[in-house]
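Below are the structure tokens for one structure; questions will follow.
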Amino acid sequence: MGDRGDKVIGPVDPMQVPRFAGPATYARLPALDAVGKAQVAILGVPFDSGVVYRPGARFGPAAIRAGSRMLRPFNAWTEAEPFAQQVADAGDVACTPFSIEQAIGEIEAAAKATYERAPHVLAIGGDHTVALPMLRAASARFGPLALVHFDAHLDTWNTYFGGARYTHGTPFRRAAEEGLLDLRRSLHVGTRGPQFSAQDLPEDAALGFRLIDGRAIDDRGAAAIASEIREVVGQAQTYVSLDIDVLDPAFAPGTGTPEAGGWSSREAIAVIRGLGGIRLAAADVVEVAPAYDHAEVTAIAAANIVYELLCLFAMTKGDG
Amino acid sequence: MGDRGDKVIGPVDPMQVPRFAGPATYARLPALDAVGKAQVAILGVPFDSGVVYRPGARFGPAAIRAGSRMLRPFNAWTEAEPFAQQVADAGDVACTPFSIEQAIGEIEAAAKATYERAPHVLAIGGDHTVALPMLRAASARFGPLALVHFDAHLDTWNTYFGGARYTHGTPFRRAAEEGLLDLRRSLHVGTRGPQFSAQDLPEDAALGFRLIDGRAIDDRGAAAIASEIREVVGQAQTYVSLDIDVLDPAFAPGTGTPEAGGWSSREAIAVIRGLGGIRLAAADVVEVAPAYDHAEVTAIAAANIVYELLCLFAMTKGDG
Amino acid sequence: MGDRGDKVIGPVDPMQVPRFAGPATYARLPALDAVGKAQVAILGVPFDSGVVYRPGARFGPAAIRAGSRMLRPFNAWTEAEPFAQQVADAGDVACTPFSIEQAIGEIEAAAKATYERAPHVLAIGGDHTVALPMLRAASARFGPLALVHFDAHLDTWNTYFGGARYTHGTPFRRAAEEGLLDLRRSLHVGTRGPQFSAQDLPEDAALGFRLIDGRAIDDRGAAAIASEIREVVGQAQTYVSLDIDVLDPAFAPGTGTPEAGGWSSREAIAVIRGLGGIRLAAADVVEVAPAYDHAEVTAIAAANIVYELLCLFAMTKGDG
Amino acid sequence: MGDRGDKVIGPVDPMQVPRFAGPATYARLPALDAVGKAQVAILGVPFDSGVVYRPGARFGPAAIRAGSRMLRPFNAWTEAEPFAQQVADAGDVACTPFSIEQAIGEIEAAAKATYERAPHVLAIGGDHTVALPMLRAASARFGPLALVHFDAHLDTWNTYFGGARYTHGTPFRRAAEEGLLDLRRSLHVGTRGPQFSAQDLPEDAALGFRLIDGRAIDDRGAAAIASEIREVVGQAQTYVSLDIDVLDPAFAPGTGTPEAGGWSSREAIAVIRGLGGIRLAAADVVEVAPAYDHAEVTAIAAANIVYELLCLFAMTKGDG
Amino acid sequence: MGDRGDKVIGPVDPMQVPRFAGPATYARLPALDAVGKAQVAILGVPFDSGVVYRPGARFGPAAIRAGSRMLRPFNAWTEAEPFAQQVADAGDVACTPFSIEQAIGEIEAAAKATYERAPHVLAIGGDHTVALPMLRAASARFGPLALVHFDAHLDTWNTYFGGARYTHGTPFRRAAEEGLLDLRRSLHVGTRGPQFSAQDLPEDAALGFRLIDGRAIDDRGAAAIASEIREVVGQAQTYVSLDIDVLDPAFAPGTGTPEAGGWSSREAIAVIRGLGGIRLAAADVVEVAPAYDHAEVTAIAAANIVYELLCLFAMTKGDG
Amino acid sequence: MGDRGDKVIGPVDPMQVPRFAGPATYARLPALDAVGKAQVAILGVPFDSGVVYRPGARFGPAAIRAGSRMLRPFNAWTEAEPFAQQVADAGDVACTPFSIEQAIGEIEAAAKATYERAPHVLAIGGDHTVALPMLRAASARFGPLALVHFDAHLDTWNTYFGGARYTHGTPFRRAAEEGLLDLRRSLHVGTRGPQFSAQDLPEDAALGFRLIDGRAIDDRGAAAIASEIREVVGQAQTYVSLDIDVLDPAFAPGTGTPEAGGWSSREAIAVIRGLGGIRLAAADVVEVAPAYDHAEVTAIAAANIVYELLCLFAMTKGDG
């Protein structure tokens, strides 16, 4: 679905060009500049100045791209063909590391520019701060969005350190305040770990978010979680935001605020595969910090999660 | 519950002091010296001269403290508030690496001195040798203790290398011989991996220990295991000793005798959360060897396990 | 069962020689040269020139041996005593890294020479290319073999890069073409990840292979998978080939083509333990690439899988 | 020289408390709070939001402290006794990662508060941005300072990304503009690597800085460099700012903007030892980013450089 | 000097696009496809099937590109402006890992195609096998070439393992045999480590190569070595081939056959800077194996060496 | 010079058996058991219970062997042929980690048993504690020995932690007290780093040791140091003990008490090569702790140092 004709350009052929060679784009797909337009654009957002603990997610987009070199075009398990639609790599946003608010503006502008060329944008972070400008841009296009937020943490805190409002711990409170979300259809999934106080969950619920917490995977399993998510979001235009720390540190050591007791990558993939049929508008996969990764374990998990989200886009009908 | 008045001093406020700054105590809690007395004292025991394979757990206390910087005060999942009781970091025992028996004496003395200032002591190791002097001190205070021993290994072997009786493979045989344990109420949990011979399990059983082996988590699940443990220990004063190698090497690479096929950190946390209501007298978390860790995966798991044990202390009524 | 008399020589005694000392053979067992003959010979095949992505499995045999130093002789969970039969380490095949076809010939010759001294050979790789010559040698002895192929990938592709027929992605297609397999009794287990096209699975099935894919472990569990495998292979002479990437990258980071969403080491061990009673003729454990490993996590998992296969040999009656 | 009497409190005795145990302060020295006043205060500045490439120096102070555990009190090579003067660890500045300008204010305030308790402050960073507030505080006390700036880079660029004036690439231009430096007595040492343009060096010289570039160590040796530095700074009150990237990446992999071709740690130590007799007012050692370090190589080098600077303070007479 | 007009397109502006963002080309230069023609083309050759020890240099081109993100356009020390000439990244050769001879043919063809678009080609490897096809292509253009071969090893062995003629240990013997070299003007520099026999050096000399061995840097220094090299090659068209293992493993851990006692990166850079004025026709930098690298130490050193070679091209007059 | 005839058995031929394959002995030499007798026996001493900081040297012998796989038989730079004499690997001493004094006895006994089969023994450690029993055994054979002690530290402290006399910080004081050394001909080389007090160096000198400290390499160079050493030891039977921490942590990160500012591996090799003509009786290379190593940098340096010592043995005439 590029603008150079009917032909969709897929990944470089691994039978001709070895996987360790060739372009450094996601899945060795064409650059968006090369195809002009795409059905889904993958946008790198190398920003990590909003983190409270380990920085380094500025190198996340490059890591996720490196971790995607082994992907193949047919998802035999869901029968999705994610690259049958034109997917293209839009490169990186050039955003400053030195001012969070300036960077948020730059990301929002870059995302909006990308929407000129693709009906769907999937951001690869970068820290979770980037969800706010990505939601602003998506909401500008789709209206208030249902939110499926996979994360160990709520990310709806208010401020830090004497008033910092824009950080990786606050994007969804800001998004809620700004009216970017359809709060009847928004939820956190995979939340675990200790909270600051007994008020955290009630306050988050008061904002309107539902919660499928970290115990659910043991109690009810991945399929049931997927089904609950589908019920919440229904056929609303939906934004999926996945913080890689929803995975256990064993599966995602390369992240900024690791939290023991998380999902396996198999569970994460199973949940996302179970979302087939939702109306996926936009998405992000964030908080991959490769300086803490080993053998690309985190990057490969993230690249596969992006892949499964691309399959959901492929299964979303008629929204381009 | 410090001796400077009624006020419990909790962790440094992460909204004022970033988590990567501030004191290097467990959870950035006050030093025991600063508060004088505490309900639970966390005692570092940097001793690893009792190991048969990889040494390095002498750096374990520092690693667990580093891995605890992200903890928050409210356990939303059990509603425990572990820092509502005064928890304090008692620093490290100054024990020699050059003589196991001298070190055991030094640890026992330091533990007893700590009990002068706190009714409960949680040791962070160090190798499993340290369980013996910690049990001696705990037993001196509480009498023979029920034991919940989480570990890949039995640790009830007799001697090594021509007579070494005090090692990380023998603490619970010594403890049984010394009458420190209530053997009707003591058990190993998570044992897996090959044994030396067909006699190992029967000999261990002959000492009086029960066994919930590594298959149980698959067969019966974490909740059932917790329930079985609660039944065994009943309302006896109980010592929980957790060797981090009860986790799989994927979740705890940083340990001295890793054994394939272990628990996930989620399973370990679920089992410990299921122990609410036992009468926790004392505990240890041992065998974190950070030279083999990656991205603090092991240290974070151990710090969270300590946290869950602190929640159990908080849920133990009337024993201070 | 060596040829120097009745006495089986087991591992070096860890109560006399510390585990970090002593010979660098698998499980510190005797060299095959030292015992002359054995019931099972472990043969290192340090070849990795057939890989499409990360090389390095040439160092795999040394890594698996290092990861085996902690093993003990009694499998309390299956009651197998793998070292009650004579197991010996046959050292490494001296195969060239510079020509895949020459190396395959060298491996086949070395395997056949090993069969002169042991009725069963277990190869430790090396990349999956080595399965082909190992199957040739095993088939020469046992006739066409049932195959249990644990792997994230099918490894039945045809050619790469303008005609390369012998690679780590093609051994089982070659083996099928060469008549080495009993295709009514052969199957892939643990296959996951995207495929090249919708034709991959049907083409593989057309070769005759059955498939227990990656979803089965969630849907039916390890015991059921083991039971299905036993049913497929029946009492045929069986070859088990295990690519360590059947494990998730969290459990096996040190491998050549890691694929998110795999088994845990506990699941792999449970499946293999469930195969007791099959007629195990020969086996391989491949694709351990230690340059990507951490803290020997992969090597220890592989060494334990080799151990469980040795237990299966011990439980296989009357085939020596 | 603490305020509790005449007695200087030195490091914990390593013959009583093993080096892997005991407090996590620099060199296991007392906390400034414990001694009240000190001759030199070591102040952790865990700030890294000013970096253009790899972040992570926020964990630098903790790393340098960990790397200092092996230090001993007598410098046999210069006969300095750095701990004969009271040196104390002032802990970490609580500065926000979310606003560079707010953080600079917080650091300046904390530094000034520390000067209330110690005539000399040595900052351990943190990125090089922190040199600006440290210079402001030092200059408030000592007047305009001679500067000895060890670094691969000039750090006198003007702005980045549309106007960012306060970053780790600009502190000395800002310091020069603010009148904090005695520019007749200020120089860069160890500068190497490519520049942005032919104007960089002339522009820097126009600000007033002298330059001993990276070739000097080969051409003239460490002793001559030290002598040249001593000549430039004379007996002016001097600020030494050392970016760990003055070392080659082999000696300091754990840093934010590594530059090939640098000094060895032996050369750096030799140069600093050669500065005996300068009038050291204050200092910083910055840009240690432990996520990129290995085996504490960088941290140990940095801790030793801090030690040599403490020796220079000890050899500076009459300025307390 | 691209074909789209007069304007040379340099690296992406780091004041607009942060260095961790933007294209993954060498130094963030334009792709050769984007500029059409260039003065120097950088060609990735991700081939490592010719190695005798550690494989992994197939990931070398990507690593060197990642290590080049910090480079700036002005070499203040030699006053060269390497990007004032059009330098462009020609991407990777698609060469098979499965047949050394096929790959050599593919590399030679790709190099020749690149020479259609650029008078000079600098290959980034890849193992040292790639020097042979690069020399074939360069020699086809320039005639027999003077060779400056920086390496710990001679790489003029004959065959391995029963006849392998094309490996990373043999390229310069093959090149000599094929008449690609001007042997009166060819030399090895930095050779060190043990040899196979007393014949190795004489045999190499008999082929015509001169030798500046590893002791020379201590005995005579970098400037003298550079001067000797310049004398040997004179004004002949010269090929520089640099195996990163000419550096000590401390400076280049990420390589295939590390050899203790090598150069520092500072020494290597000094020697290359000293070659200003030679007539550089073509070059390669090989044997970067990132799986063994740490914190990009090797990659950064290699990227800087490539940079210094680009400066030599810039200082070579009139050969385009 | 084995007892099976005249033929010396050298390393496995790397042209037949790839270096990553074959036996795990030092340099792939024969086991001492296989050749019966040897001119030099290499004895692994996997003991590290005497360390004051980082343990792990128990894995040192295996690491040094792994790091020796690339060695070749001809030292072109000194013309020594170290394997022209029979060198054999005597395996590891089975010494307990649980009692320093028991282990010292076991090591002494094993060393003496080895001297029954070889006139020269070179120990690979293990921590520096092992020098004492090795000196006891060597002295029993050769009488009091001249000592060349390469180390960052003096290792002549007296006791630790209330009386520990046998540790890695005390072997040479014990050796001096026991009369094992010819103190007129003994010296420390490479000593650097801070001391405990101004008494350390005088006390050491009072024991009789001379000192070539860490500054000498800069002031006088490797050749002069070698010459000074040769003068001190003269033609006395000499023991060389090399602690790998004489190297800088950049060159030897994998060690127990790293000290900034050390030698490069090139300098160490140059000094040892300069010792040709001393009468080498025995030697050790100790303190390689591979858990802290990276890419075998330390192990390769140590293996090369062992190689250079073997060359010294080869150049020592008439002492077998």
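Every chain is named by a letter (A, B, C, D, E and F) in the order it is written, and numbering of its residues begins at 1.
What we mean here is this: a contact is a pair of C-beta atoms (placed from the backbone, for glycine too) under 8 Å apart; a residue touches a chain by one contact, two chains touch by 3 or more.
Everything quoted here is computed from the prediction, not taken from an experiment.
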Using the touch definition from the top, how many steps at minimum link chain A to chain D? 1
Work out which chains are contact partners of both chain B and chain F. C, D
Taking mean CA positions as centres, which chain lies farthest from chain A? F
Farthest from chain D by Cα centre, which chain is it? Let me know. C
If you average the CA atoms of chain E and of chain F, how many Å lie between those two points? 38
Distance from the mean Cα position of chain E to that of chain A, given in whole angstrom: 40
At least two other chains touched by the same residue of chain A: list those residues. 16, 18, 20, 52, 54, 58-59, 96-97, 160-161, 248, 250, 264, 292, 294
Dump the list of chain pairs that touch, please. A-B, A-C, A-D, A-E, B-C, B-D, B-F, C-E, C-F, D-E, D-F, E-F
Residue numbers on chain B that touch chain C, as the complex places them: 52-54, 159-161, 192-198, 200-201, 213-215, 218, 248-250, 253-254, 257-262, 264, 292-294
In the complex, chain B residues that touch chain A: 14-16, 18-20, 69-77, 79, 81, 221-222, 248, 250-251, 264-266, 269-270, 294-297, 300-301, 303-305, 307
Interface with chain A, chain E side, in the complex: residues 16-18, 20-24, 44, 46, 58-59, 61-62, 65-66, 91-97
Residues of chain B touching chain F in their complex? 48-52, 54-56, 58-59, 96-100, 102, 160-162, 164, 166-167, 291-292
